Structures are given as C-alpha cells and as structure tokens.
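Here subunit A shows up in two complexes: once beside subunit B, once beside subunit C.
Then we have the complex of A and B:
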C-alpha cells in the first residue's frame, strides 16, 4: 500500500471550504486594504525605506499574516469538526496524517498566496524593493504563513475554540506581551520570520530579536511538531456534542 | 377542571380526549422582550450555560479587572496623589481584551440562533423583529458595559479609599462611564452586524476580530508614519477609520481625556463633533442593518 502525503479530493474540499463566499470576502479584503494603504502612503510621503519597513512590518507581517493564518489554518479543519461532517471524511480509507498534511498544504498555500503576494506588491508600491525590503518581507510572510498554518491547524483539532485561541496567541502574545516582555519575542513566529528578512534585506534595514539559526530551527521544529501532533489528535478524535 | 365541551361541539367531535387550552395569564410582548434580554445577558457571561462556556468570558472579565486592582493597590501603598491611569484611558489600554470578549460573545449571541434555525421559533411568540434585535443589541451592550465599567468602579473605589479628591475623582469617573457606555454601544452594534452575517460561530469570531484589529492596525500604522513626517493635522482625522480610535477621539474632544494618538494629537472640538456624529451614525447604522438582516426569519 503506498503512502500518500497529498490527497486531491481532500485538497479540493478544503480549498472550496476555505474560499467559500464569505471567508473569501475577508481573505480578499485584507490584502486589498494593505494595497490601498501602501498606495495612499506612497502618494502622501513618497518613496521612503523607513516608511516601507513600518507598513510592511507593522501592518502586513504583524497584523495581516497572523489573521489570514488564523482564518485559513483553523478554517481548514475547524468547521468540519464543529458540524460533525468530519466523520464522513474520516470514514474513508485515507490515512489521518495524509488528511492533515493535505489540509496543511492547502492552508499554507492559501495563506502564502493571500499574504506574500500582496506584501510583495505593497513593497514594490512603497519603495520599489529598495534595500531589498519588499523581497525580504515577502519571504518572511511566506515562511510565517507555513508556521502559522501548522500551528492554527493543530489548534483546530485540539479545541472547539480554535479561532479564539489562535487570536489570543496572535494578538495577546505576539503583540501585547511581545512589546512588553522581551523574552516573549523569542517565542514568536513573527520574530522568527523577521530574522530571515533581516538576513535578506540590506544590513540595518530590518531588525529581529532572534538569531537566524535559532529562528530556522524553531520554525521547522514548530511546523513539524504541530503537524505531527495534529495527525495524532485526528487519529484519536472524539466527536463532542454541541455544548 | 373538566374538559370544555359545549353541546354543539360534542356532536361534531368523534373522540374527546380532553385537550385543554392554556387559560393562565399571558405575560405578553414586553415580558418576552425582557426575558430575551436577560437571558442573552446571562449567556454573554456563560451563566445558565455549561461550565466550559463560563471559562472564557469570566477569564476575560478577570483579566480586565486585575490591572485596575493592581493600580489601586500600588496607589494606596505608595500614597500617590493621583491614579497613574486615567479612567478614560483604561479601556483604550485594554482594547485587545475588549475585542476578544466581543469576538467571542457576539457570535454566541446571534450565530447559534441562525445555525439551529431557532429564529422562526422566536417569531412564533408574541415578539416582533424589532424586539429581537433590540433585546440582543441591549444585552450585548450591557455585557460590554459591565466588562468595561467594572474596572473603572474598582479604580474609583480605590481612589476614594486612598483619599484622593472626591469631587475630581467623581467627575473623572462619570466621564469614564460615559465613554465606556458609548464604546459598549458602538462595539456591540459592530460585533452583532458582523456576527449576524454568518451562522458559523468560528468564522464570526474571526470576522469580528478582523474588523477591530485590522482597522486599528491600519490606522495606527498610518498615524505613526504621519507623526514621523510631522504631519500632525492628518493624525487627528485618521482616527475616524477605526472603532477604538473613534471612541478615543470623542473622549479627547468632550470628556477631558488625553488622546492616545501619536504625540497626543487628538481631534479638537470641531473635529470631535465629526467623531461624535460618525459614532452615532455607526450605532444607528448597525441597528438598521440588523433590522434588515432579520427581515427574513428563515436564514
């Protein structure tokens, strides 16, 4: 029996669930807003590297990417577990880790497309990739979307309140604690992604609190561990009734 | 009481199995509306629901009150002459907690009714569409007011215990209450409108938080850039585009608050009037949209 990591039918169902009417509206609104802000800032202030870093770091990477990650990551599995229709999927002869991996690939793809592409365009609008800032943030957004998707997909299998839990991590931990407690920044997907951006951009253009080797190890570790544990959770999933 | 059988119906009826109509008092529309309000308000703190659904709202209430208690304790022990945090600033500082509470409870208030199709059951009772919308809106606004006013009360009681000036503290406390009342109405309206769009609870949560954080993130980013460029006039107007900065603008203009905008460049009285009008328009608009949403009872 061959072992697949990608199942096209599961992928198609996940993709359609994610880009259903209303979810897609939010997924399109966020990047559109980023582009509008980028265009408005460029018109108001002209091309400026410092401004570009503020918009891409403060809005795109700190707010937009985690939110898209929460919507895509938890949305890839949460609603199915929530309304119980996941039993029909689990009853099929498809390995549960395959289901998780497929859903992760779709969630990552959706997050990456909806966050990295607009980040690149916004960066080009803001300063035309001067000091490689646009490319640096684009790669940071793409890498962060892999880790966020894995984390939030795991949350979707662990708790019924996955969206709230994901938002607590993204808002309270990364934004609030991250700005108050320096140690909290070491355990932040955003900072790990920033350390990559720091390496790619011209020296001094982007700064991160985490060194690159640590960041890469943590990013890979969190992604693999979260995916493995999500597969385990799905293997032993018990369906709870509506509270 | 015997089955009511009249001579005429006795001939028509094949079997009289003794069904009786309800003849007790009927409490009417006003009572139903009040009941819906109080049950929704209790539900917003998980009262009358499972223990698991109490965890989140109660935790958020505790998180909301804890800093106030700490501030008061510090102010009393170190004998400060004034509280280190203004009453009007408190909600702005803890906006993430308020946002999470709204995002978790607004869908709870409306999405489940939509998802389990209980809306037609409500409307089979003597309540109208306006009663349902008003009761849900009032319940969520009251819940938010409890969440935001409780820490202010702790600050106020603490300030009086620390023997800070009674008149000044009372005035500042009253201004803080007006501000959080406005915030509660505004946030409850926006949260319900977004949550009522979808029968999926999880998606409602994400959509509500997206509206709050994305708008605030966008506004504060652009404000920061304007501040760095010394473009201070724009900062005051940019606040019009996110809910929490709207409240900040109104209280800066009318409630003696210090603005949390970059450099404290809040709107003056003239611009503050625009802020107030926008807030009131948003509250009225939320109500109108909710009324429109429930025009069709099914879904």
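Then we have the complex of A and C:
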C-alpha cells in the first residue's frame, strides 16, 4: 500500500462541503469588506504607507486571516464528524493521514485564496506596493493560512465546538490578549507571519515581536504537530451509537 | 466467503457497560441482530465495522483484527444508522465518490445504483431524497466494491412497507450469494421475515442464538404475567392456583387486582374464562402486565 498525501476525491468532497455551507458567506464578506475599506481609505486619505500597514496589519492579518482560517480549517472536517457522514470516508481503504493531509491542503488553499489574494489587491489599492508592503502582507497571510488551517483542522477533530473555540483563539488570544500581554505575542501565528513580512518589506515598514528564525521554527512546528495530532485523532475516532 | 468473529468482547462507556462479554460469529447468509433499544446492537456493529475499539476482547474478520486496520474495508460494506450523507451531492456523485475512494471506476458506481434500483433518481440531489431513497443510496455506497461482509444498523427504521419489502429482497439476494449480511433491529417480526439466523442481545449480553423458530419458542414459552380484575378476586385466585398452567398468584390490594403468572400460555388463555364462568365470576380487566419488548427479552437473558 503506497502512501499518498493527497486524495482527489477527499479534496472534492471537502471543498464542496466547505463552499456549500451557509458559513461560507464569511469567506466572501470579509475579503469584500477589506476591499471596500481599502478603496475608501485610499479615496479619503490618498496613498500612505503608514495607513496601508495599519489596514493590512490591523484588519487583514489580525482579523480576516484567522477568521477565514477558522471557517475553512474547522469546516474542512468538523461538520462531517459532527453529523457522522465522515463514516463514508473512514469505511474505505484510505490511510487516515492521507485524509488529514488532503483536508489540510484544501483548508490552506481556501484560506490562502480568500485571504492572501484580497490582501494583495487591498495592498495594491492602498499604496501600490510601496515599500513592498502589499507583497509582504500577502506572503504573511499565505504563510499564516497554513498554520491556522492546521490548528483549526485539529480543533475540528477535537471538539464539537470547534468554531467557537477557534473564534475565541483568533479574536481573544491573537487580537485582544496579544495586544495586552507582551508574552502572548510570542505565541501568536500572527506575529510569526509578521516576522516574515518584516523581512520582505522595506526596512522599518513592518515590525514584529518575534525574530525570524524563531518564527519559522514555530510556524513549521505548530503546523506539523497539529497535523500529526489531527491524524491520530482521526485514526482513533470512534463512532458511538446515538444517544 | 468471510466471517466476522467477536471473541469475549466487552465495551463500556464510562460506567455504562454497553456490551458485556459477547462471543459470536457472523457467517455467510443473513443474520439478524435482535434486541430492544439500548441493548448494545449499534455498539456491536460499530466494533465490527471498525469504528469503535472493544474495551476487552477481539473482533476479527477472517482472523484479522478489525480495529485500526483500514484494509478490512476492501471486504466490508457498512450501512450506517445515521441519516447524514453528503447531501449537497447527487446520488450518482455520492456513490461515485465512494467508488473512487475504493480506487474503482465509474462503472462500479453505476452497477451499485442499478442493484438498488436508484438509477431513475441518481441525478437528483440527495437532500431531495425520501428516507427509503437515502437508505438505498447508502446501500449502493456500501456495495460498490462487492464486499463479502455487509453490516447494516437498523436499516428498516422509518421505511414504508413497500420499501421494506424491496430492501428485504435485496438483502436476501446478498445472503444467497454467499455474503455475510448482518442487520440489527428491535422488531422480532422484521427479523423473523428476513434472517435465517438470529442473535439476540439484551442489556449488553448475548441472550440467545438460533433460527427464528427457536427464538420464537423461547419467547412464547416464557412465563406470562397478567393483571386481572374481577367481581371476586379471592375466589378466582383460589380456582386458578389449582391449575398447573398457573405458577403464581398475588393479590395486589393497592391496585385491587390479581397478579397472575402463567407458565403455559395456551392453556391459561382458555382456562381463565372457563374458570370464571364456572364460578359465576365476572372478569373486569385482563391485561398482560409485562408485554413490553424489554420484559420479553429479559426473560431470555435469565433463561
């Protein structure tokens, strides 16, 4: 039996399920909101690098990317486990890690498309990539998409309340707590992604609280660990009788 | 030909013992897993289907441990009890996805849909299907890879009589082809109609095993309990206790009634009116006091 990391059928079922659900509306409204904000800011204040950083850092990376990550990451597996339809995937001679890796790829792809692409467009609208700010935040959003997807996919295998738990993490930990408690920032996907943006943008344009080597190690570590653990959860997933 | 063997298997959830030291083998042909709600049928089927680990004991398919081994799904087809499917797909898309997950071509999906006679609705979204149609598409998804073992949890629940007949025909055919077909039900008549062999579970324990005649006999020969009210309970009690078909009588003062336990069901039902008539006693109420399925089954456990 050869190991595969991607199964096209699992991928198709996953993205059709993701985009077919009502909460998929969030995937369209948040990027639309970002673009509206970017256009309005540009019209009202003209092109300004500082403003661009505030919008891309304060809304796109801090709020939009994690929220889309919650929807795509938990939505890639949580509903199937909750309603029991995952049994049709599990009752097949397909390795559990293949299922998880495929779902991670789909969740990452959806998160990146719905967050990195609008971030780039918003950045171009805001200041036309001056000081490489637009590209820096786009890459930060894409990289954050991977880690968020892995984390929220894991949440989807662990709890029935994955969306709520994901929102609590994204909004309270990443946004609120992170801005109040300095230590919390070191343990924040957003700061790790920002550290990449800092490297890419012109010196001084973007700043992060975490050094690049630490950020890269933590990003990779969290992604690998969360994915591995999600695979274990799926392998041991039990479908008990209905209560 | 394959068989599933359950060997000294128990499964508990916290303090609840759902399955208690059960040993049985499911071989070729149709087997009915009979038991009241909460007996442990789903728990057993989930362990045979590899969705639940036994707490102790082993569940094997032709000697291979089932839990944690996805290769067994090359030989096992599962029809879950739960309704949820990928409702946003059409029937054909759903069965085709199931075939692809087995590495099989479109033809396998179409053949399975033909087997369950669902081709006419295969291009409709599953969300528009009736309960019976869903059940048949679930069957098709379990049949795509031509499995030698088929596990179905409460497949007749909520089906109308015609759908029930159709599914029974299909399962009979599968059994006649030499597949091991196991279905669960809490309705004796359903199991009798279809299963050549019956396994009874009650309160997590393996209560009986055999063909339907044997199970029927066990069930009708159990002591029956009746609640009887009459114009003269004491006189009636005295007359009844003299007959060997009656094994116990109790005067329930609170209820103002007699509690009668009859060991010979046939004889007692003719005796009671005859005795009443002979003594000029009027029968006001005769009601079986424990005809619930649970009590019928619990008799089997004690036997």
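Note that in this section the second predicted complex is superposed on the first by the 236 of 243 C-alpha atoms of A that agree within 3 Å, B and C clash if a C-alpha of one lies under 4 Å from a C-alpha of the other, contacts with A are read in each partner's own complex, and residues count from 1 in each chain.
The rule we apply is simple: a residue touches a chain if its C-beta (ideal position, glycine included) is under 8 Å from a C-beta of that chain, and two chains touch if they have at least 3 such contacts.
Because the structure is a prediction, the values reported are computed rather than measured.
Asks: Between subunit B (first) and subunit C (second), which, if any, makes contact with A:32: first, second, both or neither?
Replies: In the superposition, A:32 touches no partner, neither subunit B nor subunit C.
Asks: Let me test your reading of the model: by the given contact rule, A:168 touches which partner, first (subunit B), second (subunit C), both or neither?
Replies: After superposing on A, A:168 lies in contact with subunit B but is clear of subunit C.
Asks: In the overlaid three-chain picture, which partner chain does A:13 touch, first (subunit B) or second (subunit C), both, or neither?
Replies: second
Asks: Looking at the overlay, does A:45 come into contact with subunit B only (first), subunit C only (second), both, or neither?
Replies: In the superposition, A:45 contacts subunit B only.
Asks: If we overlay the two complexes on their shared chain A, which of subunit B and subunit C does A:89 touch? Say first, second, both or neither.
Replies: It touches subunit C, and subunit B stays clear.
Asks: Contact-wise, after the overlay, does A:235 reach subunit B, subunit C, both or neither (first, second, both, neither)?
Replies: So A:235 only meets subunit C here.
Asks: If you stack the two complexes on chain A, which partner ends up touching A:158: first (subunit B), second (subunit C), both, or neither?
Replies: In the superposed model, A:158 contacts neither subunit B nor subunit C.
Asks: Once the two structures are fitted together, what part of subunit A is touched by subunit B and by subunit C alike?
Replies: none
Asks: Using the touch definition up top, name the residues of subunit A that touch subunit C in the complex.
Replies: Listed in rising order, the residues of subunit A that touch subunit C are 1, 7-10, 12-13, 16-17, 20, 83-85, 87-96, 235-242.
Asks: Note which residues of subunit C are touching subunit A in the complex, please.
Replies: Residues 13, 18, 42-43, 46, 49-53, 68, 70-71, 73-74, 76-78, 80-82, 84-86, 88-89, 97-98, 100-103, 141-142.
Asks: Subunit B touches which residues of subunit A in the complex?
Replies: Residue positions touching the partner: 22-23, 26, 30, 33, 37, 40-41, 44-45, 50-51, 54-55, 58-59, 62-64, 67, 70-71, 74-75, 78-79, 82, 161-164, 167-168, 171-172, 175-176, 243.
Asks: Within their complex, state which residues of subunit B touch subunit A.
Replies: The contact residues of subunit B facing subunit A are 49-50, 52-53, 56, 96, 99-100, 103-104, 197-198, 200-203, 205-207, 209-210, 213-214, 217-218, 220-222, 224-226, 228-229, 231, 234.
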